[in-house]
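Read from first to last, the chains carry the letters A, B, C and D; within each, the first residue is number 1.
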């Protein structure tokens, strides 16, 4: 087995001018949540699995008692309306653990989508702020200057020098290495506190993606998850305050 | 030397429908203790050693003053009754240190057992609970759904979403990578506090293995070890309590 | 993609007896600041980019919203006067993350400059003192003994056993591996406190480089940066003192 | 450049039944000090340098201002008396940084000495006790049982299960991997506190080596170094005591 292996579990799909959308785990799991939701609501079809020696040596246990080796998975979804495009979707359990592992992973992903005729990509992730936010904005970066104006129209925001440290991980690397191979693409980053998984930020990112791809999807499941997470966040914050009060009380007595 | 090398120290055994049983170091050393006991009581024959650059650069010193390069070791044991099967057994000093090392190690193990005609495997390990337990249960996961029912009959337990993080290390990877190569298998995980080596948990796992393989073995040595460990655990816990009392006393005086 | 790839973005320059000058990130960013300034004021031309899987999996975001995969960049600048020489310049975002990555990176750099006919090199870096200094001296080390006298004439200083731990990173490795391939070279290390980027130290290093290469350059931009950094350093030190006073005061009251 | 490269700096020596002696950096630098001393007093000739990408990316600075890429170095010394044997000696700046780097390094060393006709080796190191000792004993381990008796005659000591964790690093790996390639050898480990470099322990180890090789050498330089280190150790211990007294005093006053 090479460092990365791609295993087709269905016949390779024949696609027309497909667009590639990536969402792997990362801060707030924004990209992963977004693409997983998209796969679910568009009933996309899995056609390939990607394995890497740079993923942890780990299997998950399925609800039926069988094991699943950690991987990344490719799905496709054919256009159903005139103004839509065929989609290739990628999500997964992990990104590469090491720097080299990340480069190898991304080159392998680019091999697969190049082979499918992909020329454009949207990569999805989070932008960690470290504090709570009401309405997450969606930042972006592109491979090519002419895309900037287009993307702004869809409601994404560009702040000079943000994210300051650039983009670390597959979402950025897909654009960086992809650009060298002739791909065009945009990375969308949903603002997120970054403490917990963030379905609200995933929804914000996905809203822009659906505008670009002319796919009308139901967000209710993502909204439900968002409410659950908000409740957990509220409970955590209350527990923290109570602990603090308790400590203050004790100090007073002492 | 490749990353992993297999060195035959005896002629390759000719086996009939052999089943493979793995027990490498891990939490509570449950798998290793189980397979080592099985090797001892069945008087299995060592036929190959496996070396990896991803094991520590280390030799152990034998009681006779000679060195032993750290490795993994293969044994076989031929069926002696009609209802038994030939066994291939693996134990060793280490698992791979890195993620890649683990994948390479497991692929090499699969190469060896495939070559011997193995189609089924049992991988043994521990499931760390972080607290004491009276009677360790044995959890499991399988490569194939049809094995689940069979395994339950032998007394192994399936708890949904347990272990929550899946299985990390060779025991899981052997199933995960093996499944892709057509092997069927079950991973048995004995519950263990995880603080010390756990012969009691190893015995629980081994009991199920002997039922599956129709091998009737003597557990007395493992039971003796279990008693020794229980005594050590009791002493440690008493020392801890005494330290605590002492501290409380001091606080009182102060 | 190999571990390191070189991508020519302009046609390979034809150079006459070129000298190579390297300045990658390091302590006080002395080397990087020096070579970046040299590129800017001599209006050198970028002709190649170097990518490595041992750089972080990261893109930066340009002011126009496009991404830039982290890399190292080669520039050249042809001689404009009789007493000058053609220059090959290297700077970049990172050095290799691992030991092997550094060796691979440096061998690739040597491949490129060997191919351009380079026989001599100047590598630039900082020498961290851990305390403030008025006038940074420039230490040096060479590939060949006969260079020592020449270099001293230009004002560089040799202190026995300094730096005590030798030179770690690309600046040293270029000399070490280069020497084995027949290159001659000098490493210049500007003394620096090492807390912040240090344009003053970069200027000190660059002054010697310009003497060697007979290039007359404007330092005003580097001097301006140096003043800015000095002000930041002063503010940081005042803040520290205030914190200390405050603490002393509190102690007094308590 | 491969991961490890061997560079002959002199013509390959023609040796008669040579014995190989290794001393690389390690605990107390016992092995390195011993072999360096042996090289010096026997005026051995350097004939090869070994470079590895798994050494740090570092050059040292020679007293004349030139750089030296970190490496390992091979020396030889021809027998001068009838009862002596030709020697191949190895010392160096570093061992490999990673597990794989160590295995690659040792395999390369074995390649070199196999090519020179070496069949036997002595590997030298320290055994860290973590406390002061009057007279360091020399422990050992061998590739073959028949060597144990011979070695004991020379004054080396075997303690069952010591060192408990076996031998980590090149000294052990040379025996472990060498044994698989038909080499015979002994590892000598001088007891050492392990806090500082330990010439006294190096002398103890070397005394046994000289008995085996029938080489009569002058130890005065090593003894001088040992005295210097003892003085430093005494000063450090006094400083520690003074600090402690001071603290006690302050406590008393407070």
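Brief remarks on what is shown
Everything below uses one rule, namely that a residue touches a chain if its C-beta (ideal position, glycine included) is under 8 Å from a C-beta of that chain, and two chains touch if they have at least 3 such contacts.
Computed from a predicted model, the values in this text were never measured in an experiment.
Relative to chain B, the chain whose mean Cα position lies farthest away is C. One copy, chain A, sits rotated relative to the other, chain C; on C-alpha atoms the angle is 90 degrees to the nearest 5. Taken over every residue number at the interface, the positions common to chain C and chain D amount to under half, indicating a different-residue contact. Taking each chain's centre as the mean of its C-alpha atoms, chain B lies 37 Å from chain D.
Measuring from the averaged C-alpha position of chain B to that of chain C gives a distance of 53 Å. Counting partners per residue, chain B has no residue that reaches two or more other chains. Shown here, the protein chains touch around one cycle, each chain meeting exactly two partners. Which chains touch which is summed up as A-B, A-C, B-D, C-D.
Residue ranges of chain B in contact with chain A, taken from their complex: 96, 99-100, 102-104, 106-107, 140-145, 148, 158, 160-163, 165-170, 172-173, 175-177, 179-180, 187. Touching chain A in their complex are the following residues of chain C: 1, 3, 7, 51, 53-61, 63-70, 97, 101.
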